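Structures incoming, each one as structure tokens.
Two complexes, one shared chain (chain A), two partners (chain B, chain C).
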Partner chain A sequence: MIQKLLNIDRRWIFLFIFVGVAAAMLFPLPLPIRPSSDVKNVYNTIESIKGKPNATVLLSFDYGPGSEPELQPTAISIIRQCFRNNIKVVGMALWPDAVGLAQAAFDSVSRAEGKEYGKDWTFLGYKTGSVTLILNMGEDFHGAFNVDYRGNKTSEMPVTQHIAKLGSFDYVVTLAAGKTIDGVWVTYAVDRYRIKLGGATTAVTSPDMFPYLQSGQLNGLVSGLAGAAEYETLVRTQGSATRGMQPQSAAHLIIIISIIIGNTMYFVQRRRDRRQSVSGNEGTRS
Partner chain B sequence: MMHNPGSRTATFVFAGIFLALSIWQLAAGHIALTVDGLGVLTGAGLTLALFSFLYDDNPLFKIAEHLYVGVAAAYGLALVWFQVILADLVNPIFFSTATIRQLWVLIVPSVLGILLIMRIVPKFSWLSRISFSYVVGFGAGISIPAYIASQLLEQVHPTLAPALGWDGGDKFILIAAIVLIAVAYLVSRRGGGDLGMNSWFGPTLLSVVFLICYFQGVGAASLVLVGVAAVLFYFFFSVEHTGAVGAISRVGIWFLMIAFGASFGFTVMARISLLIGRMQFLLGDWLHLLKI
Partner chain C sequence: MIFFKRTLPLVIAFVMGIVAISIYYIPHQAAVDLNDLLSKWDRIIAAFAAFLGVYSLLYLHAGRLKRRQAGWGYSVFVYLGFVVMLTAAIYNNGAGPLVALRKGGAYDWLYTNVFVAADASMFAILSFFIASAAYRTFRARTTEATILLVAAVIVMLGRVPIGALLWESMPELQQWLMNVPNMAAKRGILLGVYLGAVATALRIIFGIERSYLGGDE
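Up next, the complex of A and B:
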């Protein structure tokens, strides 16, 4: 029995996880979600600029469809919070495959909140060069993005005409799946142009970002699906992240139980093997 | 591949599930044969094809995998062509009223880019060195000072803050460091194999210390300093790791193990999040079983 459990086919584990996640989705059991201080920092910074004339937030979409479940809910929540507080939002993308995701997020929220393109928000699209683009934006925003994704001149649109350079934005939030937070934004934008930067990352990259929180180079961080659910709680909407937390907890429970069973079986088997080797040695001596 | 029984099972089971459930959804009128409906069906089919690899490698998975790579490459190329090459290079140079003086900023990088492509022509491949030297020079000039400032100097201050008493954690750091190194020394004297006290006792003790810090809201920054110092000791190979040095480097190993454990935990969470995203699509958009 122990041997069987120790050598269990991994496909059974996949099946348990699948069933657990599906069951938690079909029969949800609401769990409390308490926003962490890092998530609250991003939320509070946006709240603090409401009412300021021409308050504008720059959102950088630096992720692809592979990270959509973790980062798209955060993007939607931040855009929603800005629109509800009459804060202008400018979107851009350092990843080419983020363009469709950014457009989908802006379209759905602007329609729901009744916001107008060009006046309340705009999307600049994708540009290559990450570092050189940030450096360009730091010196001359309209030079870096002469036109938006739809071909409108950024110097003529009400949402961007007052933006001279990167430092003109009241807050910059990067939604990143890779190394753009530390490799691009923190290194070239925060330290060079002294902008206030918040981040949203996938759970995988979160541990790499904690040093920047401690140093203050990042003023807040929304980590993975859990962070997105916390942000939805703060914005008071029930999106896909909040709904995803019950299956997340179910899957974690299954993994923890599997680890406990696996370790218990391992130690039981080890003790048994030791006893057998000791009795074997005694038999040889006698 | 289809000679493998597992591969055959995966192909037929996953294709069967997709066909049966799609026909059910079409018949029930939940999915219409429109562009959106076909998009949902394609998405569901490709998701199941990729999931089929969890059972065994099979042709369905291969098709989906190659399709994904091809579509992603084509999408990226089209986007860069229309939004970068046409918008920022071709249109301003050939279809604008800008003067030559204004266009130098586009012409020079374009020439450098073309020289870079010369690498594929053996006779002119030496020309690419001009572009490479520019790229390396620019990269070093911009990156090195920025990285030193951002990744090193900016990190030193918060790391050293508790040691210099800036956050009031100086007493805690002393106690934590002495206790951890003493325990590491005692553990190393008692010995232990791969699964002895060396492996589990230290990280467990350290985890408890971390938990106390977390719930008491003190000393976390001090622990970071202890960890940084101990890990640096572990990677300092010019001195033999025995006695006090051995004990400190052992504490470094414990910190590394906790860091790897945290990273692994976050990775598991991220992967489960991706599964949840796909499951929400399958059970919601495709099968309409979720109440939203």
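Up next, the complex of A and C:
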């Protein structure tokens, strides 16, 4: 029996996960979401620049559709917070497949908050180069992006005409699925141009970011779906991240229960094997 | 011929490597302007790499199709996806390829309903495999494995609201694990990685590492 349970067909485990996640989605329980200090730091930095003349935040979309469920809710929440506080937002992408996601985020929030393209926000699109693009932006923003995604001149749009270089932004937030936070933004933008940088990343990447958080090179971090849900709590909006906390909690709980059952079976089996080998040895001696 | 295949690339790598490192530390407008110019060159070269990538991908899959290699059916989908997306992008909802991408067209629809959905689903199914792997292989066989297992359970619970519901201090304990033991290990790994990166960069600049030249270098 124990051996059977140890070698259970993995499709049963898939079924448990499916049932657990589906049940959590169908019958959601209200769960407490407490924003962590790293998430609050990003939120508070944006709050601190409201009221400042021409306050502008740069949002870099550095992720693809694979990370959309984790990072898109954060992008939407940050844009919403900026718009509600009359802070201008400039979007850009270091990943080509992020363009559609960025546009979707801007379109939905700008429509809901009644914000105008070119005056309150703009999207610059994707450009190649990554590191070298940041270096160009650090020296001459209008040179690096002379036109936005729609072909408007950045030197003429009210949202970007006051931006001379990367340092002109009041805050930069990178939403990254890969190594762009530490490999590009921290190394080249923060250390060279002394910008204030916040990050949002997938849960799997976030442990890599903690050294930069402690050193202050990254002033805050929204990590994974949980971080996105915390941000939604701060901006008082119940979005997909908040709704995702119930299925994610269920999945984590099932994984933990699986680990406990797996280990219990393993130890019971090991004890049996030992007993059998001891009684076998005694039998041989007698 | 050997001059163009080996000597010239080595000279370019050496000169550009030394110049790029030097101008980073020279606080003069001329150095800043040169850095700006070199960065623009780099971005232009990087843009051409996209064409190389497309050629390489299509060439690889053409070979699989020709040889009827195992799984060649997937290569058909590569070509199908490439042609359909490219056509939709060029058509651009009737506006043509020379203006910014129009909303609401075939490309937009395919991106949202096929590409985004398929890519997100691929990551979502990881949850099933993680659960299966956790049940089968995550065993407390040794002291180290037990510590890892306990830490993993705390982090998994502390990262979701149900953790705080089970025990109020779970998120704080999770945060401590991430901030102290995790970070100590990460710092060590990062120092090693970046020292290795510096060493490799110097080897390339001084022509010791030549594998980027291709062939039998």
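Here is the rule we use: the second predicted complex is superposed on the first by the 286 of 286 C-alpha atoms of A that agree within 3 Å, B and C clash if a C-alpha of one lies under 4 Å from a C-alpha of the other, contacts with A are read in each partner's own complex, and residues count from 1 in each chain.
Keep this in mind: contacts are C-beta pairs under 8 Å (C-beta built on N, C-alpha and C of every residue); 3 or more make two chains touch, one makes a residue touch a chain.
Since the model is a prediction, treat every value here as computed from it, not as a measurement.
Participant: Does chain B (first) or chain C (second) touch A:141, or do both, or does neither?
Facilitator: neither
Participant: After superposition on the shared chain, which partner residues are touched by A:14: those of chain B (first), chain C (second), both, or neither?
Facilitator: In the superposition, A:14 contacts both chain B and chain C.
Participant: Is A:150 touching anything from chain B or chain C once the two structures are fitted on A? First, second, both or neither.
Facilitator: second
Participant: Is A:248 contacted by the first partner chain B, the second partner chain C, both or neither?
Facilitator: In the superposition, A:248 contacts both chain B and chain C.
Participant: Looking at the overlay, what does A:106 touch: chain B (first), chain C (second), both, or neither?
Facilitator: Neither chain B nor chain C is touched by A:106.
Participant: So in the superposed three-chain picture, is A:128 touching just chain B, just chain C, both, or none of them (first/second/both/neither)?
Facilitator: both
Participant: Tell me the contact category for A:207 with respect to chain B and chain C: first, second, both or neither.
Facilitator: Both: A:207 reaches chain B and chain C.
Participant: Taking the superposition as given, does A:186 touch the first partner, chain B, the second, chain C, both, or neither?
Facilitator: In the superposition, A:186 touches chain B alone.
Participant: May I ask you to decide whether A:83 touches chain B, chain C, both, or neither, giving the answer as first, second, both or neither?
Facilitator: Neither chain B nor chain C is touched by A:83.
Participant: So which bits of chain A does chain B touch that chain C touches too?
Facilitator: 14, 17-18, 21, 66-69, 97, 99, 125, 127-128, 135, 149, 203, 206-207, 211, 214, 224, 226, 248, 251-252, 255
Participant: Within their complex, state which residues of chain C touch chain A.
Facilitator: Residues 32, 35-36, 38-40, 42-43, 46-47, 49-50, 99-101, 103, 108, 111-112, 115-120, 122-124, 127-128, 130-132, 134-136, 138-140, 149, 152-153, 156-157, 159-162, 164-165, 171, 175, 178-179, 182-183, 186-187, 190 of chain C touch chain A in their complex.
Participant: Along chain A, where are the residues that touch chain B in the complex?
Facilitator: Touching chain B from chain A are residues 11, 14, 17-18, 21-22, 25-26, 66-70, 96-97, 99, 125-128, 131, 135, 147, 149, 182, 186-188, 190-192, 202-204, 206-207, 211, 214-217, 223-226, 240, 243-244, 247-248, 251-252, 255, 270.
Participant: Of all residues in chain A, which touch chain C in the complex?
Facilitator: Interface residues on chain A, with respect to chain C: 8, 10, 13-14, 16-18, 21, 31-34, 36, 64-69, 97, 99-101, 103-104, 107, 125, 127-130, 132-133, 135-136, 139-140, 143, 149-151, 203, 206-208, 210-211, 214, 224, 226, 229, 245, 248-249, 251-256, 258-259, 261-263, 266-267.
Participant: Taking the complex as given, what residues does chain B use to touch chain A?
Facilitator: So the residues of chain B in touch with chain A come to 54-55, 72, 75-76, 79-80, 83-84, 87-88, 142-143, 146-147, 149-151, 154-155, 157-158, 195, 221, 224, 259, 262-263, 266-270, 272-280, 283, 289-290, 292.
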